[in-house]
Amino acid sequence: MRKKERKEPVPAADAERDDELDALYRTFTETNLIPLWTQIDDLMPEQPTPRARPHVWRWSELYPLAQRAGDLVPVGRGGERRAIALANPGLGGRPYASPTLWAAIQYLGPHEVAPEHRHTQNAFRFIIEGEGVWTVVNGDPVAMRRGDFLLTPGWNWHGHQNVTETPMAWLDGLDIPLVHQTDSSFFEFGPAALTDTSTPERSRAERLWAHPGVQPVALLGERPSSPISAYRWEHTDRALADQLAIEAEGHPATAAPGHAAVRFSNPTTGRDVLPTIRAEFHRLRARKSTVVRREVGSSVWQVFSGRGTAVVGGIENRLEHGDIFVVPSWVEYEIHAEADLDLFRFSDAPVFEALHLYRELTGRESTE
Amino acid sequence: MRKKERKEPVPAADAERDDELDALYRTFTETNLIPLWTQIDDLMPEQPTPRARPHVWRWSELYPLAQRAGDLVPVGRGGERRAIALANPGLGGRPYASPTLWAAIQYLGPHEVAPEHRHTQNAFRFIIEGEGVWTVVNGDPVAMRRGDFLLTPGWNWHGHQNVTETPMAWLDGLDIPLVHQTDSSFFEFGPAALTDTSTPERSRAERLWAHPGVQPVALLGERPSSPISAYRWEHTDRALADQLAIEAEGHPATAAPGHAAVRFSNPTTGRDVLPTIRAEFHRLRARKSTVVRREVGSSVWQVFSGRGTAVVGGIENRLEHGDIFVVPSWVEYEIHAEADLDLFRFSDAPVFEALHLYRELTGRESTE
Amino acid sequence: MRKKERKEPVPAADAERDDELDALYRTFTETNLIPLWTQIDDLMPEQPTPRARPHVWRWSELYPLAQRAGDLVPVGRGGERRAIALANPGLGGRPYASPTLWAAIQYLGPHEVAPEHRHTQNAFRFIIEGEGVWTVVNGDPVAMRRGDFLLTPGWNWHGHQNVTETPMAWLDGLDIPLVHQTDSSFFEFGPAALTDTSTPERSRAERLWAHPGVQPVALLGERPSSPISAYRWEHTDRALADQLAIEAEGHPATAAPGHAAVRFSNPTTGRDVLPTIRAEFHRLRARKSTVVRREVGSSVWQVFSGRGTAVVGGIENRLEHGDIFVVPSWVEYEIHAEADLDLFRFSDAPVFEALHLYRELTGRESTE
Amino acid sequence: MRKKERKEPVPAADAERDDELDALYRTFTETNLIPLWTQIDDLMPEQPTPRARPHVWRWSELYPLAQRAGDLVPVGRGGERRAIALANPGLGGRPYASPTLWAAIQYLGPHEVAPEHRHTQNAFRFIIEGEGVWTVVNGDPVAMRRGDFLLTPGWNWHGHQNVTETPMAWLDGLDIPLVHQTDSSFFEFGPAALTDTSTPERSRAERLWAHPGVQPVALLGERPSSPISAYRWEHTDRALADQLAIEAEGHPATAAPGHAAVRFSNPTTGRDVLPTIRAEFHRLRARKSTVVRREVGSSVWQVFSGRGTAVVGGIENRLEHGDIFVVPSWVEYEIHAEADLDLFRFSDAPVFEALHLYRELTGRESTE
């Protein structure tokens, strides 16, 4: 891409003109007006210039801090959740992982309960480790276990309870920044106690919807969000293993050599699980790398197991179990596996696809 | 609905006029013209008046005849398949179960091979009993086992082989009549020998696509037909059992009380498995009945297990294992289970939905 | 495409075997069964082998016959319409232009009224000449004038009246054969007298919907059929003239050099005007030809003005004002203009597109 | 709606605990973490609490300031456009009418040229008065005249020229804030001189696409943005007049009594003209009012002619020719006409509809 060379919008002028211009600009300000020509470089750059920065949060730091919060801060009505948000260092102290995405570690101590509420923000949970918490979604208790990916789509009632003696922590992802920025938040409090405290192995939503290609006739019809409440690790793991095995047998299956990838999908549409959030799971064999990429929109990755490195915007970071990193819009990135590396990923791609603003670029841009 | 009272289109006229009219009608015929007013009652009835009739074919008769054909008629290039079509007695000796649907029993003897071909007609197989045949779809061998529902969508290469000492028979369903009637058949011969004679437990298509809600990133995108080559009985059975269990727990899940039903779906769209064919599986608890229904379009049912009766167009028929019956368009029907009754069903509903011609009516129409 | 060489399905066999086979075939017949292997060549040809034939009906013959019917046959309840269908000579005396399409000349004498009714069949009218008839669609009177294309989508009430001293005749197009073949006809009689006998220049539907790109906020939403009741000749003519002018200015606009073409569309979806019928208007400059084509599905063309020839399936026919010809599925055709040639066209392409059975081939297939 | 009563998230605690909590919060900050429980009231309000404020900009002030800018600031490469943005007083000095929408007055003096460029931001122009400027969109010159609504969808090349001795000013609308906030801006400079300086009455895009319901066969297919470059005032005006006339005749047509409204639409989809922006025109008869409404998302209105008042968020403002006002998300508003009142409106509704975040409420909410 040719380098942008924006010339001076306002030519050199004599002193009288300068005074008049100053006066005009003052009047603009008083009249709540701002000229484009002083703003265009910032407002309409030649390619995205995100304020959000690539950043890695270490699980080895996050978990002890969540634990400490567990000791000091009760969970309950008002605060609603003991969730600690990853605040992108480029976003001025806002609790945003990126301009659109919220990522937080949520911590629930032994026998604690997070009360029921609902909101227009779409939410999911990804379980990096542990078990023993049930989330109750519209009255349907859903077990949370290591490797599972769980949904609470917008305006669904939900609360959580830990039924064990052991605390549990997991990753929460939401579209809070997008909803906040666009003034589309509605929120409603539910009962303080959970509507159903039973602890079934499988939720009703799974028993109705989580069969491959098989749908309940009584509940058919397109829905904006997936009705599958929990995508279980056993299925994700098997799908990834199958892809690598098929690749080894000589057939197309993987995203790139040694790089298996699945997308969690809404069975009623075949599209993304939530209208604003895409979720995927990636598996890289040892010594393999992803293709170098840039994408419009941001994504957040969490290491599920294994180790490797991520090069985001030219800066390399080591990746260990539980580490979370963010890739801002149009920042080049690639991931290398040292040992077999499993990563969960979520992004805001459905937003850009829906608005026809999505682009991606694979391979390294030439820089001559 | 008010009874139609069509008056005489042509009033009584004098003899001279009659002669002139006869002459006109003769000229019409010579000029390849036909007046609407003599045809409208047949052409545009007040509600569908199908020539196809409700009919039951007995598995106890079908299977021995297929076996006999196995003894006498080789399978191979030219005839292509040892398939014996159910010919609706109302359709004038055409091999059509209904005006749109083909249903046949296909029989493959020990170590026989049905050669590869492809055609625009969409096809599926439902396996009422047995195992030991693999169908090779686009080079991917797919095991066929009791209770499975398998797809060969239009223009996919496919052939079959029986690798055992035991013959196997199953139900084939296609849209042959529709495609024939609309002159949209394309057909191409493939190799006489199968492209892959291996006999894996799971096909590659299943390993890529048959995970609940999980899709391969490398192969994403909407497809007109489902990429799942085989919907396995274990998943269908479990989904039906889950529905009945959830109903027993007091939550909505079933199509009607004691009547579980699943639809096989295309995971890339959430819609029907084939553009022209809908496929479902129904389970009725003993002593339960379906709701009385009429539907535009026709359907074919096969009893998988159990026994009961079907009342179609006012005529009751006993249902035993393997029996196949057809319900023509807008004919009232209901099904009763004596013992727990499992039924496979396919229909042409997607055609009518796509063309905005679909209607259905549940409950008995009042006849006063 | 490789020529199909289907071998004998049944090998030569000894006499005993022949007897056994005869017995088996008799049993098949008694049991309402038909083997595929004796039918496959007819049922599943390598490419469409339509029974419908290319044929031309001459306006110079049609109009006098319609006039004669006007003298002898009253129009009214029961016969409903004085419509005379074009019966394809290949379709065994059925009133079908093709297996899916009905085309008829309808004739309404001075001050005659065709009573109101509605049906699931989708209908349109194309006005080759004349004026003075209003069709009342759901209570909204729509003027019919030379060059106009008018819609009565399925299940819309409609009747006609001629308010002049002059008879009027026009082309009716419907999906009667498709609806009949698939047993999806519903029909209901309305009042014998028209619900509104006023004769406005523009219908309410046009005043609401026939503004370029502008939709009424009160009536927004996707509809299966176009809400525009009449596509007026002045707009069609201008769009065609504009295309040829833009082509002459050196910009892309036409379907082929000297060949302008517009499609009538549903403004609420951008797609076809009716779920089962596509309608277009084509203009060929003198001495220009269409590209040679084959298409799955059938189409019917009517010459609006000018003269030329149509080569359909290798047979050339002269085209004069009002002549109507049919192109069966997959039959090669091209049209040549001697003088500037305007043609109206309708087809069943939306059916095949919806069912993913559509194909087309442009240019002449090599035959070596 | 029940008033939200969020209780204290953190209960009163002893001093030691306070110190520990302070330490924890400090560590959070150092680790780029922010707890939800201190932020939730701001982040996830019970209903939208926009920072953007209702505001009116007076045309009587805007136009002279634009003229003054015309005297002092040249237009050309770098600044690109002499556009002055309406800066919502609640949005901290950013040039945003709302969190998603940009609205500006653009001014082009006699014989001035604004150079060609393209960007991913979607843009339109609404012409409140004047004529004599042509905008060249992808090489196609489009006349700009009073009452017209013109599109330059994302990534379309465009530049402007004034070919007269008279300056011209108009309203520009874009999705700049949304694109900026989500880091999805791409921008490319084109030639400094316009690619086509001709001044045709109608653009090629109009000649191809702006015929009611008629589409060019050569260019068919769904597009994310409308291919109609200009929606002309004569069509808009006629559609509005038609609605009011049909209402007077006793048939449904208007948005509310005495309130006609049209939406500009994409003829290839029937949906909004741009993926991110909805545009409508409203006409209120004298002494009529709109229904009281709240909508998720923001809108900007400009008075085209007539006078009246707008009550937005409980504050009444007089409306005169050219006045522009913004309605932030979920703020109650209604408009009253004193004299017949014509208003142009644009909003970000397609964004919220695509993301399933849209809601609206008509009528006054009870406040007991």
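As written, the chains take the letters A, B, C and D, and residue 1 is the first residue of each chain.
One rule holds in what follows: a residue touches a chain if its C-beta (ideal position, glycine included) is under 8 Å from a C-beta of that chain, and two chains touch if they have at least 3 such contacts.
Here the structure is a predicted model, which is why all the values come from computation and not from measurement.
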Problem - Other chains in touch with both chain A and chain D - result: none
Completion exercise
Of all chains, the one whose CA centroid lies most distant from that of chain B is D
Handout entry: Whole-Å gap separating chain A and chain C, where each centre is the average of the chain's CA atoms
Key = 52
Problem - chain C-chain D separation of Cα centroids, rounded to whole Å - result: 43
Completion exercise
chain B to chain C, mean C-alpha position gap in Å, rounds to 29
Fill in the blank from the handout: In chain C, the residues touching two or more other chains are none
Problem - Residues of chain C that touch chain B when the two form their complex - result: 1-2, 4-11, 17, 20-21, 24, 27-28, 31-40, 43-50, 52, 55, 57, 61-62, 65, 68-69, 72-74, 76-89, 93-95, 99-100, 104, 119-121, 154, 176, 178-189, 224-225, 275-276, 296-298, 328-330, 348, 351-352, 354-357, 359
Practice task
Would you tell me which residues of chain A are touching chain B in their complex?
Solution key: 204, 207-220, 222, 226, 228, 231, 235-236, 238-239, 242-243, 245-246, 249, 251-255, 261-270, 273, 280
